[in-house]
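These notes open a run of structures that come right after.
In the two assemblies presented below, subunit A is common to both, partnered first by subunit B and then by subunit C.
Presenting the complex of A and B:
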């Protein structure tokens, strides 16, 4: 239940839901990156014993769900809802990954912003009194994504410098009505923004205006000082998109360059040949579930604005000459429940 | 906000959201069916002036959104959320259809159950105090669905008798915190049920157990008499699935054969050569937005249990030998707010 609506897009939670556990499982490349020590598990083989990459991606999600409820010390039937999504056609990683859970299920799709959408819906269902525990999960897989969105891996196609690398991994989060935090204190739901970018190999540039729109709305709606958060961390803008975001925010009077970070830039070392950075539904989800949550629990970060970003295109829309609609959802996460507004 | 949780899956709305307007636009075949007079608009050409079926499907959704807010006498910026989804890969009918709306957006995916999922989330956001007006929209298109899920239309492939016909159309619903009804009084969120059916040309059989599971949970959670509703209407089980549902319910002590109906059996005349009936995200959405809502407003139906059903497969999952996970979401809709529980 809300105390008040602060603006067109932002809600302050009256009873901020607590993030009671997170879990993350990543693939071999992510397990060699700078955040390796923060993930619960690294899988050495991208098939993970399955016969296809799609089945492996489902397994990532299934195993993350098992792991995250175990870390929250909950039985599966204590979950009121699972909210999950992924990039595969008809969201089969989620549908097959949580098939055996026997928990009421909402499938969501916001491309790489999906974990933000899931956390927002989950937070509102808890704050509204409809749920005590909600699991939010997303996944992506480099191989299944390349196969579906780009070229067969066997082709060894060259990629332009603006291209990003889809994270192989899944992140899961348990939101609960009670707990020790960190807490979701506010949310700003994104609108679709399409500035006319058509290059599917430059999704950072396409998504940056959507991220700027949501961050701008968040500060405008809440009136918070622009340096209120210790970090404003986008999902997967990568190198190119992050610079554009910084420029757009600056030219709109929000000078937070030093506080901006991006999960797509954190998960890999640039030496790993990932071009502009990481991407995929699993990018923001694993970086939050692995690294950011740990930093908050240890008090290294007290409050962050987590802004997963998504490019709502498909290969069909690209082939038909369409531009790339994008969206970003902002979730304020704080160690203290009573953040000023 | 809920008064109490009646069971694992069902919520009674404390302030039942009102369905303040509905709109529906259908294609030529649906416009020749028995419900023709109930739809707001019939389009003669499946391209609707666009260059592709996918662009036409987006246009269905865009036009339905325009129509439904006009019928609700609302400006676009009175909407707090749009919740929408469709069957196309990466949900592009929704993403492109509502791109210009400038309203906070949640994309959802529950295959043909999507309108039920959207109405449930929308109802909870309103009852929880997070929204005053929410638009719920879904679409499907026979041509874009055949092209994506089955065979090129030009092939003229034969279809088995258990196959269903994807509805070309879009339905939209405005849920509001205040209004004259009909009202969403209760919701039962579905769990994924997979009984091992592998035949993608027999989705009614695959979905029937999911529908039974949700309907059974609804009556068990609420304790309502089994004949409480004037109609229990599933989304798109078709002929085959409806018989199976009837059997499963009967063998579990719920004898409501005469009250059961299915949107997939209502939208076409069997003479229209649609085999087992209609299907698609647009099926339940247009039948509710067109026909059922009208019957309720005119008092011909006082209370219904609307149970959109979805088969959560993809061509990839079928090719990889997977069975078909299914889900059904139940939405109780009544002319009176104060339904007994």
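Presenting the complex of A and C:
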């Protein structure tokens, strides 16, 4: 008997872990966006004094880790685990960014959904009694991601209108067995959903069915009313994907169009020429760590369903003409633990 | 004077039209920029082989030879020239011979540019 599992893929926390601190550092474009005031730091130089973008991305993660433990007033050795990931081959931004920390480390990859995956694993480690303090971190960098997934920036190639803009930035969260919240009360782990879309410049459309699948499963598994959350916020569906998600949910009887939001649409002003919105591991992570956490702390939001979305493609799979498998992980975050009783 | 101005306008229009085709392909199809580049070079070769591109160059001048299709035009023209000179083997040597200056210059100036400037995101 698995006592914490409800339904097919949802897990109730018996002792909801508290989000005790968050930190976020972003690049120049994000620092000019509408959420600029919510981030801890804006870096004006994409290289951040380093020789390569990959090194700069690792530095984002390293600096966020030291910022977030400082904000939680924890020494590094009070961390039981760091769970981190990014978009680069073999997750090098995390591997190199975390290497000096001397903390037991889980590297995770869920593309842009990675922060959701990290928070879910962290929450289960704490609720399961395996850890007291866990740091969850992700990063992405526009320049390193373009090189990794599309073309080197030096080529100066044009971007189609449905393309999204990879967020340069890193977000970190400290989960703890004790604290004043907000709390992770339940999680719904996503399944891989592949609707046969091949266009890697239209990932919002590819990911929307995965987000819909997870959100639908969450309400099905928990039996919660559809308007239970103040906001259901996806990771990086962008303009195109958000409309598709709304349509799929409505046709399945979940009419939450007014509650839906998307980190990719929140982080930039559409005047910033980012086409369909922001994306990347850093997108959901910085918007949560910067903006959403602040709104919850100030009581503007009482409960949210945070659903980071990821497209699980690789440059090789795209070149071989494969479709894009996608995933979305839902994390319910509430100011009161009451939701679990 | 008047002829020169007309020549400039023709070059501007020809080059603009070729680029417009590329823009439409980026916006309306799923072709990646790299595929569009290859398509343009191949198209230049084919159109030259069919004798069409020569006519475009006569009117459009640099507007037709500077875009990537012009690279294909030079490849094809070089192949024809070398076939006339050396026989069938010229089909293999002519293209590269005709474009050697362009290729070497691209490598050389790219190297200079890489020494002088650092790439960054368009902001």
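Criterion: the second predicted complex is superposed on the first by the 335 of 341 C-alpha atoms of A that agree within 3 Å, B and C clash if a C-alpha of one lies under 4 Å from a C-alpha of the other, contacts with A are read in each partner's own complex, and residues count from 1 in each chain.
Heads up, the rule we're going with is that a contact is a pair of C-beta atoms (placed from the backbone, for glycine too) under 8 Å apart; a residue touches a chain by one contact, two chains touch by 3 or more.
From a predicted model like this one, the values you see are computed outputs, not experimental measurements.
When the shared chain is aligned, subunit B comes close enough to touch A:8, but subunit C does not. Once the two complexes are laid over each other on the shared chain, residue contacts for A:101 go to subunit B alone; subunit C is not touched. With both structures placed on the common chain, the touch criterion links A:157 to subunit C but leaves subunit B unconnected. Touched residues of subunit A were counted for both subunit B and subunit C, and B has more of them.
In the superposition on chain A, contact is made by A:46 with subunit C only, not with subunit B.
Subunit A has no residue lying at the interface with subunit B in one structure and with subunit C in the other.
Those residues of subunit C whose C-beta lies close enough to touch subunit A in the complex are 23, 26-27, 30, 32-34, 114, 118-121, 123.
Per the touch definition, subunit A reaches subunit C in the complex via residues 28-29, 46-47, 142-143, 146, 150-155, 157-158, 160-161, 168, 198-199, 201. Touching subunit A in their complex are the following residues of subunit B: 1-2, 8-9, 11, 51-52, 54-55, 77, 81, 85, 87-92, 95-96, 98-99, 101-111, 117, 120-121, 124-125, 127-130, 189-192, 194, 312-317, 320, 322, 325, 327.
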